[in-house]
Structure formats: structure tokens, C-alpha cells
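Read from first to last, the chains carry the letters A, B, C and D; within each, the first residue is number 1.
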């Protein structure tokens, strides 16, 4: 097993900052890749132990490139998630004044987070997309653009200065990143876990999606993300990426997944892993009738009925 | 184990006729009891191997005396059911003419089945209830009443003649009888089975009963009987006697019962047994996603996901 | 309109006692009938303004004779309900001692309410059913039986004495009576109302009954009675008598009934009327989203959307 | 009312091609805007009668920029939709050979549609995003990039030639465009209509989203799009853009929207409009119990019950 983690590069992006919050990165080689696809392909090819990529943010929602890579191709699994608060700095070459800024750049994902700030403070600046925020900073360094939106931490690396900091449109702008590897046994439940699956409906009829969600709802499982993604079979054909509270070894989750497996055309399991930013003490207790104890007691009771002892 | 079957007597009733359709009665002592309660108590006390009692008919619905006895007290289980078509004869002492009949008798359960006939042909006759149809025949023999409604087969036993036969209000009037014993392992599935349970709701709220029924519905299980019975806790407090298609060893039924056990205050299992009047060939195939094969494949898939092999 | 109320006689029964709690009976002629059927027929024929009959008790549940009469035939409507606590007295001829009692009588409906008392205190007494509790008392007066179970109030009328009083098996044994008339506009909502309907399923399939109940549940309507009754089309064919909290002019109830009308084979409206034993202050407030105000606001919003003004 | 239509420019994109399929464009001034936001703002400000923008494609799903603009800000309504099949050409300056192409450009939305082609035929080419496909073509004309992915129709405008045509990853790649205006009365039903709404859940609990979808499902309404979009209140907070089959003046749709209005925190109506690519003859008939006739008959029945006439 190669002791390296691939990540969405280049160096000096929010992704790298988030990745370095994982303790084991101290003993791993961290290798930047130019795209989510190439980072995940490195894992699939066995060139990296795992890949670290953004999967959801509070402005854009599910990050479709990542979801689409997980939905298709050789199966992968999520093992960890990291939440990072995102604020941008406007990075310029030293000496540049705000009134000098005619062109700005950043990764397209940054645009909705700085849009209002731009409208208010640089209404005439021309936006050009960059391959990454760090790449935008590099292009400013090279003189191609006047300013780049990036993490303040990127200024030093590219010899730029942060003209404005704490730029973000939404309060509590956050990005969620995941560490993805080849399928293996999920970590044991931490007490505050999340399970990710992809669901394909068997056919399209009134109530079809309601019934899928009912497999979670009737077992008291809360959903945290429901992101539709096109199946590639034409407009209106979607599969659904779902994040649900709980671990696949929870009895209620195992039964819900069994139910989905039975009624869906296809289900892809993307992993059960600890939730970032929340500990076991903060997790809501299971609804009446949905605890592991109640599931086991009920299974035991049915077994006794099947045997005529009750 | 005593080799006797208790049944709701006296001799010469529809119950005895139905009981004798069971092949094993050739080698059992058949003992009439004066009430459903006493017949079932004989089983509970170990004085009889099983009891044979009516449980549902097409005019009255669920027979409440029987249901109430099964709902409460020491648990019992249903092992067999028998369907019998019911038509009445008007039994009189030889020589009696219809115009001579001023008083008629029968068990109260017969009343709704002969009500319209009485109104049309003996509008002025006075009805007195008897403890059983056979007892009514005996009272006619003794001269206490002029005529009794009973099975035509009862005429010979009591020296009466059938003045009118084939009396019934509803077409296809049928009674369903069950053979009840102490709890033991249910017979293996016959391919056309029925499962009986009693359900007590945990609390009373909008949607409570809908959710109970949902445990069957979401697993594609059809209901054949839903009979509310008072819990004894005052007006408006009911438990529910339910007959559902399938056997407790069917995966979908086992999971539905587990679900009910988890969300109900209490569930009483009353048995899984072959359906009368229908064979495996007549049973509708399971809905998509609810066959044993699909349940097992789904459970296997979840187990593999839990293990990281898929 | 004849100013008379029919009721299930004879005089001196619990039914008459309950009926006399209605203030307007002071100005009505109260006419006993020998059966629920005949009392309701009197209303249908125009011979009585209304009929007063028992419909549910805490021991037997829904009273099937009454329900079956309301389910079939010329439509009738319920306008009022009365709750009466039921306890029995053991009525005997003056001088009779408990040890003298060899035969007892009462209406069959009394039997489950006195069964345990009988078993404990008169285990050898022979039970004979009477046409009514009052009739049983009369038969004791005539010397045909030794004792009758009836309301204590019946003793004086028949020259008997109450040897034992306060006999009842279930705590809070109650019977619910209804005043039934020909269809007319229901009384305006009292703030604590009940709506009664009969539902026939369009076809029999897994989830069919769950979906019927869903029409109430999704609109936050609580059910108070669900009583299955045979349709007469053979074993296993049932319609459902339902009592639901609320008035047909409540928006949520009107919409639920519309939904039922659309998905059922048939719906029979049996009336909206004030609940006995509970006032507006005791009624739970509507669940979020189900108040009349919210229904009207939502309808208004849709109308504005249809018109492009919002 | 200004007789101009804004559209997502520049000229020579798929959007303009789609827009020109609308007959009324013959009599409108068509004004390109640099972004979806600016085109929609032109409508909000009264500078344009309507705006024409992409909203969904078969590769990317819902186009989030457009959805986010419709979800927030001054309400707008959709009046028309257009479906356009999308295939790309690789546009180069005349004389360029495939082996000469080191840099390629296009709008980011084009990337997933040409990704596999690129990997197979130009694995080493560097991708740079352009503000639009037409803009990419312009940049090729100016010599900044070697090749641009764009519609073949754009070649002539920019003096380029189509080196490769019919490039698309998914079969039947299509984009759906909508014509958006200020709120007004929707067009009368065409017989094949679609209704778009945005739903915000009142609170987050197990079953919350299932219940929202249930408002459509219980009335037999099929969903065509369910796209979650962040509410801006932090990770995990989503609203839902829903396209449903039918018109707001259909009784089932009106009742479903009323139900959503009652149980949601907020509902935004985005319009009812004819579906592209399907005529009334191709629309599935309403499920049993959900036709306008059945809704009206049910409403009429409830009104008669409320009045005591039935």
C-alpha cells in the first residue's frame, strides 16, 4: 500500500490546508493532482493510498465533479471528512491598490462566494476563471491578472500581499472535504457517523422517490444531503447521492440499505465514516423503536415466534 | 399431550361439521364445550390438545368472543383454519306447518343470516336466542319453541324435520374456523399461508394506525382481516387483530413483524398456518423487491458493504 | 315532522336513561322499539323524527347491529352522541338470596361485562339470554329466571330489588349512544366535533387500507374508531366504519373526505356532531399546517399563483 | 413593455440557437448579456421583457447559476422551455492540425461533455476555461488558444474551421433552456405542462423531505427534476427545486401546492408552462382518482354532505 495521499492541487489551496488537519498526514507523502478525476484515478490505479477532495460547500452544494467521479467508475469509499471554513483574501502584487485592479481570477467555485463583494467593490473588474485558486495566485504573480481570490495563506507562497481579507458572501461559508480510498471494511462506529450512498430508481413513477426516502424515514434516519446527478441517459434521468445520519453497522441503517437494495435498480455504498464537527454527545438519540437494542429485541422476538417459544 | 380436541359444542353444530373435515380428527377424541372460552381454557389447562372454534364469518365479520379470548390471557396459537359454507334449515317437529310457527330460536350469530328470510316469511314470529343452534333444536324437540334455525344435518339428531332449507341472507355465507393450541413451532410454509397477530398502538396520534399498516404495506404484504377490539381501557381504546398473507418465516413477514414489534406497545403472535380454500398456485407472486431471494440478496449485499467487499 | 324519538326499548334500559340526558326529550314523545333495525326503520319511514341507539361500548367495541344498519339501506345521519357509564345490578325478587340464584338472564351484550363477576360469585348459575336487560327483569318478575342483570334504575319498575350493585368487569365501562335522523345539514361546529364515515376500498392490494388512512393522517386528523364490517360479498370483504376528530366544515376534514371520495369505491357520510364528554378547551390544537387559517392561506396563495400575482 | 429578450450571450452560442426556435423572436430584439445573472436582472429591472437562459442539461443536471438566481431575489416566472441537442465541434484557425493543438478552451459547462474525447484524442492538451463557448472561439481567433469547443455554427462567425464535429460524451446530450419573465398569469394548460417550484423545509427531521414529496405522490403527480440548492445558511441546509408534471390549474397540482404551502417554511412558484418535446397525446393519463373530473366530483360530494343533501 503506497504511503501517499493524492489531493486536489496545486499546493497552497484550501484543500491542502484541510488535508493537513488529518493527523496521519504527518507520515504520508502528500501529492497534488491537477483535477479531482486524476486524484481519484491515482487511487484506483494503486498509485495513492487515498485521495482528498472537496465534496460539498455551503454555497455551491454538492460538488458535482467529485460526486460524478464517485458515482461512476471503479467503486471507491469515503473514510473521513473534514469541514473547513472558507474566507477569501484578495491577493495582489505588492504595491497594487484596489483602484488598480482591472482583472481578477480564481477557480470558478470561488465566484459565488465573492460575487457580491466584487459587485460592491470592483464592479468593473473582468473575471477570468483559473484552474485553481492557487493557480490564479500564480497568474497574478506572473502579471497576467491584477488580483486573485485565494486563501490568505497562499500570499506568502506566491510573493503576493493580501489587500483585503475575510471576503465571503455567506456567513459560515464552509467546504466539506473527503478522504477517499479503495473499498475496505469501514471504521467501527464512532458514535457520530454518516453513511453515503448513491441510489438509482428502478423506474420513474409518481411516488418513486418518495418511497426511496421512505426507507430511511420509516426507520428514523435523518438525511443530510440529497443531491441529484444525471445518469447520462438524457435530460430528466437522475440518480441521487444521499448522506444519511448513522453507520452501516447500525441496525436501522443496515435495514434501510437492505430496503433500498431491494427496491432500487442499483445502490452504490460510498462508506460510513465519522462526521466532522460533531461528537457522539451532540448526536440526537434514535427515535422510539429505532435503537440497536430495539432492533435486536425485535429480531429476537421474531426468532422466538418462529420457534414457538414466547 | 392429550389426544383430544375441544370444540364449541354442542354436538351437531356447524362447528362439529367443520372440525370433522380435518383428517386427524379420525384419531382424536372430539369433546364439545359450552363456550369458546371454556374450549380455549381446556387447551390452556392442558385438558385438550387443541380447540376448534369459529373466528370469522361473512355476515358478522370477526367473531368477537373468539378474538377476545385469543387477545387476552395465556398465549395460544392458531395452527389450522377451515372454511365452511353456511346455510340454515328451519327445523320443526314433524307435522308442523309454517303457519304454525309462532316462536323461533337459534344462536344469536344466526340472526343476521336469517333476518331477511324471517321478515319475509314469518314476520310475526317471536325470536328467542338459544345458547347454540343445536341447543335451539333441542328446545324445539322439547316443545319449548316451534322452530329452530340450524344446519340441516341437525334434524336427524333431534328427531325434527327440515321444513325449509338453504336459508341464508348473503350469497356465499361462510364461516371460518380455527384450530388453536398452545404455542409451538409453526408448521413449515405451505406456499399459501396466513399470519395472525394482535397489535397494540404505543400511543394515539394522527397517523399512528397508518404507520402500523405501513409496516406491512412497504414490504408488499396484503392484509386479509383488520378487526379492532376494545382493550378494556375505556371507549376508543382498541387493539387490532390482523390477518396478513404469508408465513412468519418469509423474510418480508419476519421484517414486518420486527418493525411492528419495535413501534407497537405490544404485539402478540397468533400463528402462521395454511390458508383454507387456496393453494400455492393461486397465491399472487411477491411484489418486486419483496421475495425471499431479494431479501437475502440485499442482506448479503449489506454484509459485504459492512466488510468492504463489493 | 313527527315530534317523536324512537329508541331501542323496552322502557327502563340504559338506552332510555341515556336518551333522557338530551334536553329536547322533554318535548318529544319517546317511543321504544324492539330492535335497532325497527327504530331506524321508523326514521326512514318518517314515523319518527330520530332514533336513539347504542353504537359502541368499551367492552364490545362497535355495536355491529347498529353499524350494519347505518352502513346499508337508505342513508341516515348521526346528529348527537351520549356517553353513559354502565354498571349492572343483580335484580331479584324480594327475599331472594344469592345462594338461591340458579338461573340468570340479561341481554347478550351484558354478558362480557358481568362474566368475571358471575364466575366468581355464581359459578354454577345457568345463563339465558334475554331480548333486553329490561326484558330480563320482567322475566324475573314473572318467575321465569331467578335473577337479571340490569341497571339499578330498573328494579323499581319491575318490583325487584338490587341484591348486588356496581357490577362491571372493566373499569370505566361506558356505552356510546347516537341520535340518528334523516340526512340534513349538520349542526355548525361546536369546537369539539367528530365525523363518521363508511369507506369501501376500490380494490384489495398491499397498502390499500394504509392509503385510505393516509388521507386522514397526512392532514393531521386523528382517528377515534376504526371498525371493519363485512360487505356481504364473502369472507375477507370488509368496509370500514371510521370516526375521526373534527367537523366536515373543517378544511382539513373536507379535503380528507374529498381524497377518500376520489380513491374509494364508495364513501358514506354519517355525520359531523359534537363529541360527548369533551369540550372545545380539551381538544388538541391542529398540527402545524392543518388549521383552517393555514388551509385558507394556502388556497389563497395558489389562487394568486394561478393569477400571476404574488 | 420593452419588446426585447435578454439571453445568455455572447452571440453564436447554443443559447442563441435555442432561443431562435421560438417563433416570436422574429419580432423581438435579442440582446446578449454576459451572465445569467445580468440577463435576469435586466428582466427584473424592466429593461427586457424576458430572459432566455439554460437551466438543465443531461450531463451537468440542473444548472446551478440559473437555479440560484430563480430561487433568490425578486420573483420571476418561467413561461417557456426549449430542448436543444448539444454536440460540440473542435474549432481551430484554418490550417491547424490536431497534432498542433496544445491548448483548448470552452465554457466550464462544456468540459464534462468533451472530457472523454479530450482524454482519448488530446490527452496532453491544457484546458483553460472561457467565459462562454463563443468567447472561447473568439480567443482562438485571436490566437490565445489553439482550439475551442463550441457549436459548429460558431465557426463561420469567428473565421474558424471545425476540425472535428459531433463531439459529445453522452448520447442524446441535451440542454434545456427557459424563457423567464416577471410574474403574470401563466398560459392556459396546453395538455402537456410542467410546474416548477422551490421548496424550503420547515425543519429538519427524519421523514421531512419524504413528506414534501408525498404531497405530490399521494395526488399521482410525477416529478421530473429534484435539485437541491444550498440555502446559504451553512453546509447541509438545502432548498429543493422541483419540476412536476402538470399545470397549476390542474386540480391535483393545485391541491398538492396547497399542501406544500401548508407544510413548508416557504414555497416559491416558478411557473406552469408547456413541456418541450412532448405533446398532449404523449402525456400519461392521470392515475385513478386524480383527474380533474374526480376532484370536482369529490368536492361537489363534500359540499353536498356539508349541506345534508346526498
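The criterion applied here is as follows: a residue touches a chain if its C-beta (ideal position, glycine included) is under 8 Å from a C-beta of that chain, and two chains touch if they have at least 3 such contacts.
Chain labels with UniProt names: A, B, C, D = Prephenate dehydratase.
These numbers were taken from a predicted model, which means no experiment stands behind them.
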If a chain touches chain B and chain C alike, it appears here: none
Touching both chain A and chain C (chains): B, D
Selected pair, greater C-beta contact count between A-D and A-B: A-D
Chain pair repeating B-C, as identified from A-B, C-D or A-D when over half of the contact pairs by residue number coincide: A-D
Interface numbering overlap (same over half, different under half) for chain C and chain D: same
Distance between chain centroids, defined by C-alpha means - chain B, chain D (Å): 59
Between chain A and chain B, centroid-to-centroid distance (C-alpha), Å: 57
Chain A-chain D separation of Cα centroids, rounded to whole Å: 25
Contacts with two or more other chains, residues of chain D listed in rising order: 211, 214, 218
Chain-level touch network, classified as line, ring, star, complete or other: ring
Sites on chain A touched by chain B in the complex: 75, 77, 183-186, 202, 211, 214-215, 218, 248-249, 254-255, 257-259, 261-263, 267, 269, 288-290, 294-295, 297-299, 301-302, 305-310
Contact footprint of chain D on chain A as seen in their complex: 37, 56-62, 64-65, 68, 83, 108, 112, 115, 127-129, 131, 169-172, 174, 176, 204-207, 209-211, 213-214, 216-218, 220-230, 232-238, 240, 287
